[in-house]
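Each in structure tokens, the structures are laid out below.
Paired with chain B in one complex and with chain C in the other, chain A is shared by the two complexes that follow.
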Partner chain A sequence: MKMKKSSKIIFTILGTIVAVYTLFPFYLVVLNTFKNANGIVSNPVGFGGVSFSQLMANISAVVNNSNFNFWYAFGTSVIITVLSLVLLALFGGMAAWVICRNKTKWSTAIYMVFIASMIIPFQVVMLPLISTFRDVSQFIGISMLQSIPGIVFAYCGFGGAMTVFILTGFIKGIPYELEEAAAIDGCSPEGTFFRIIFPLLTPVITTVTILNGMWIWNDYLLPSLMLGQNGKVKTLPVAVQAFVGSYVKQWDLILTAALLAIVPMIVIFLVAQKQIMNGMVEGAIK
Partner chain B sequence: MAENSNKTKLLSYVLLAAGIAGLAFALVLDFSGSSAGFRGPLLVAGAIVFLVGLYFFPTVEHHRSIINFIFLFPLLFTFAVTVLIPLALGIVYSFTDWNGIRLTGFVGFSNYATMFKDPSFVWSVLLTFLFVIFNMVLINVIGFMLALLCTSKMRGINFFRASYFLPNLIGGIVLGYIWQFVFNNVLIQITSKWGMMNSILANTKTAFAAIVVVYIWQYAGYIMLIYVTGLTTVPKDVLEASQIDGANALTTLFKIKIPMIASTVTICTFLTLTSAFKQFDVNMALTNGTGSVADFMGSYLTNGTQMLALNIYNTAITKNSYALGQAKAVLFFIILASVSIIQVRISNSKEVEL
Partner chain C sequence: MASISFKNVTKTYDGAASPVVPNLNLEIKDKEFIILVGPSGCGKSTTLRMIAGLETITEGEVYIGDRLVNKVPPKDRDIAMVFQNYALYPHMNVYKNISFGLNLRKEDKAEIDRRVHEAAKILDLEHLLTRKPKELSGGQRQRVALGRAMVRNPAVFLLDEPLSNLDAKLRASMRTEIAKLHQKLDITFVYVTHDQTEAMTMGDRIVVMKEGIVQQFDTPQVLYDTPDNLFVAGFIGSPQMNFMDAQIVQEGSNLYAVVKNNKLLVPDFKKKALAPYAGKSVIMGLRLEDFLPKEKMTKDNTLNAEMNFSELMGADYHLHLTVENIPVTVKIPSSEKPLEKGAAKIAANMEKAHFFDKETEKAICH
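Up next, the complex of A and B:
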């Protein structure tokens, strides 16, 4: 019994040390956004030079910076993420249901292609993707690059495989009798899907949305290639990258920009901590 | 009822006709090189109207097939345009002199030959393998130890779990800059007292270690969560039985817990392997691949910390050698695919033995 108590203390101490290590960079970011440029360079760890008015000054300097255009980048990121997530959930659910409930050669083949495509790294398709999108834009006269619809389209394509994979696994577990009963009661196939199956998918759609959402919100490479480093439309990661590139070593501005980019994610995490952690795990296990 | 179905019939035919007409007209404009601004929206509208017409098509027999088609179409179409077509084109382009916009001819395997003769590329490949091995081992060991910590009976477990997982929420670009600050401005104040005047990121070897550390910091919390879930599935009565049989903590760990979560180990190994292989953001933001190597394959390198994914990006985007970059990307794909297949095979056979 005594042994147990001491090991408990050791574990707690160990855990605290690791927690300090994982949280220390965040602490440094928050702390230093309260300082001016000189204060950061001369004393990055201590509390010297910390003032609330300096934080406000830093934030307004970054938010009002025309190169960064924080609110615009933030809004663009929100629109792209939300649109992609809604469409992925809807189209993914529809496709997974068809694949799952039709045991034909075609549906199996489509499913296998989706699964196999999950090992394709983005790097191997990114260069032809940009040129294909450019050609398509010229051909049909809708801008696919440097436009929000184009990037949402791309995210639907790239997120589709994983979404279908997870949703198919879930739909398999829904009793087919439910759909038969609906059909006997005179429900059309599309009605069966939207009224019976889709509402049942809520928990797994939460999982898929969390996985895709973390990826899309934080993704840098795809938007930087499609939107361009200095294009009109920018997502938050692209804007941060461009901002840092033009203000090298101006840590007061860079750290404040980093803080502004982090805060939305942290807020969401604090609100939906359980769902996010469970969703990330379920997505990996399936 | 009959009147109603007649109306749907008419509606369906009208919509189908309108959709086809719209599509055809837009395509004619496209092929004739027209620059009319409405041709794009017309094409999209034509396709949508056509699908709606198809939905109302008066048939009982084929209604299910029509719904199947309409339901599959959006995702398959986007998937084909963004993944399948670029993949096929990419493999073809790697054998040509493609410059990102057009190509003039096939060059056979010369892109592949060029890249293997390039010391900086070979360096990147070897470095990536080293990075993958380091990360796969360290992240799994650390993640597993953290999971043991987080399943032991200690106070504030939820806080610890959340704080370990927190770095995983933030994108690699932002993380990279934060850590660049930590290394260049904070850590240097400590190391300079020991006589190391340069930042850790200035030396190739320590910079590489720094990338490994940052990546572990970002990823170990996620792997920990998966191990935690695995460990909680180990039945309590099995653990109790082993305790009664006199097994100590270490024996329980190696003889019971680890074998029982073998499938979790597989998942985590697979995840860390592929994600470390594809690492790009942290690499770019932290060092951007810089770092000097005095002598490798007889030449001086300036890309000492450049991983494969960043090398591909720089070859194509910065140096504008699209075909060469694409050939590297195809090799990247082949390596990743074969490693994944081998890894899955090995872990599957292991699971069967158990």
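Up next, the complex of A and C:
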């Protein structure tokens, strides 16, 4: 379908406005990491005071700051993100497969529960969640708050709905005969999942992993509630709070730490861009 | 030994009001090539899938050889199956697709390699072993699916409409390949199709099914020459048999089949079976080749018709006429001149005419 020239111009202008609006905060972060604290406050939008040596100084100040402990927070974020993503892909895939292939009232009901959980805002459940996790911790004797297993468990719960929703759509497009052929070849149900279904889910799992990964890596609210501001375990976004005092905000260090936190995600997105788009399209049309 | 027996087998799907296969009894001999044929929804694929173990059996017993297999999982039934859409594993190359089942059985690596290469050689796949299914044509994919089934050395080979996704030319050549494969492997083949040409050309015996019930189970020649009922007569043969309502009339010692204004003399050897129908209406069937040349036309075998159009099929013409508003197709050699459009006369070969009871649709005589 060919678009009219006037429509094309209108869409281009609208697209540009949306792009500028979306990218402006990112521009501010990147630009101001090249400035010192005074430069940021006096001229936050312009290029005055920008220097590469200042960026290096800011990075060095962040990485070597004794209050911040960058590498520890970075490592914690990596562990929490990777563990959550692996478990989400594995159990999300299993759940989606079983829901898709077992057409019972129960499987439909479970699927509906997953979908319903997607429309409940996090803010509604966050406070009951903390008290429930506290009760569970006391009951099982394992700390679910201020601990990596606790927050990974919470991420699996919150991310499970979207993961199952997207994977179910994809699995519906996989011919059932593949599983029957595997059964005749001698595969057990577990074997069929790991040898046939899971490898076929690779493109859509990559997409889901990137989407969940960006959310988990950047998430501030859940870790700040579950891990606390003064707890031992801190993710990068929570740890950045170290530069925010009651009277003084060290904007140069806050923005540099934010940039350092963003960079890994940008790199992963750029590397896996093609895979993400393929997965999104396949999930949509299959 | 891999004979297959169905003993009073019924299959009812969950929530369905009536069974898709009610009380099926079938004896398939060892090393036979059996075709299950019938229209969509007739239960042929369900029957095949019950042999494979992909469908549960509601009632009755299925035996492969002497072994009752009702509760035996597919992998332990000593069968291999080729699916309509090939069901090749998309993430594995041809070699891995073919060897997948053998690897699961933990066969010796060298033995797996030997068997894969042997199958690839037979099916002309040797140069494609490193390719993924998406890089193959439809015919090549079908051959990989056959190879995957072959390497397992199964006792029973099941094929579920394996050629239906191929174009006409490839289908014809694959028909020959599968027939050759049956001769080479010398095992029991059960083949499902809705294409009567495949059924007629490939099978030792054909099971014609309708609504889960076996209509007739015999050799292609018997089905063609002496169909048990109207359904089989119409289903087997392409284009299908011409059917027309005929009144049986007794005149002295002669018996006539009267199609409105056309009076056709019933041959002596059919009189006995048709005599009880004197004064009643029956269905007369004539295959398109069951018409006589002009020089053999008599007043007792002539049908007044209206010639509509002809189709040149290569060696033959198919003449499309109407007899008393009933469409009739007649086959004549292409060396003869087709009839002119308009009023025409054709001569029925009453020796070859089939008669069916109008109520029960069962054959009266052939």
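Criterion: the second predicted complex is superposed on the first by the 206 of 286 C-alpha atoms of A that agree within 3 Å, B and C clash if a C-alpha of one lies under 4 Å from a C-alpha of the other, contacts with A are read in each partner's own complex, and residues count from 1 in each chain.
What we mean here is this: contacts are C-beta pairs under 8 Å (C-beta built on N, C-alpha and C of every residue); 3 or more make two chains touch, one makes a residue touch a chain.
From a predicted model like this one, the values you see are computed outputs, not experimental measurements.
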Contacts of A:46 with chain B and chain C, given as first, second, both or neither: neither
Which of chain B and chain C A:245 touches, first, second, both or neither: neither
Chain B versus chain C as contact partner of A:169, first or second or both or neither: neither
Of chain C and chain B, partner touching more chain A residues: B
Contacts of A:220 with chain B and chain C, given as first, second, both or neither: first
Chain B versus chain C as contact partner of A:185, first or second or both or neither: second
Touched partner set for A:14, first chain B, second chain C, both or neither: first
Partner chain in contact with A:75 - chain B first, chain C second, else both or neither: neither
Partner chain(s) touched by A:177 [first = chain B, second = chain C, both, neither]: second
Which of chain B and chain C A:196 touches, first, second, both or neither: second
Where chain A meets both chain C and chain B, residue numbers: none
Parts of chain A lying in touch with chain B, wherever the complex brings them together: 7-8, 11-12, 14-15, 18-19, 21-26, 28-29, 32, 40-41, 44-45, 87, 91-92, 94-95, 97-99, 102, 110, 113-114, 117, 119-132, 134, 136, 139-142, 153-154, 156-158, 160-161, 164, 188-190, 193, 214, 217-221, 225, 237, 240-241, 244, 251, 254-255, 258, 261-262, 265-266, 269, 273, 276-277, 280-281, 284-285
Of all residues in chain A, those that touch chain C in their complex: 175, 177-178, 180-187, 191, 196, 199-200, 202
Chain B - residues contacting chain A, complex: 26, 30, 35-37, 39-41, 43-44, 55, 63-64, 67-68, 71-72, 74-76, 78-87, 89-90, 93, 100-101, 146, 149-150, 152-156, 159-174, 177-179, 181-182, 185-186, 189, 217, 221-222, 225-226, 228-229, 264, 267, 271, 274, 277-278, 280-281, 284-285, 309, 312-313, 316-317, 322, 325-326, 329-330, 332-333, 336-337, 340
Chain C - residues contacting chain A, complex: 52-54, 73-75, 79-81, 83-85, 87, 89-91, 100-101, 104-105, 148
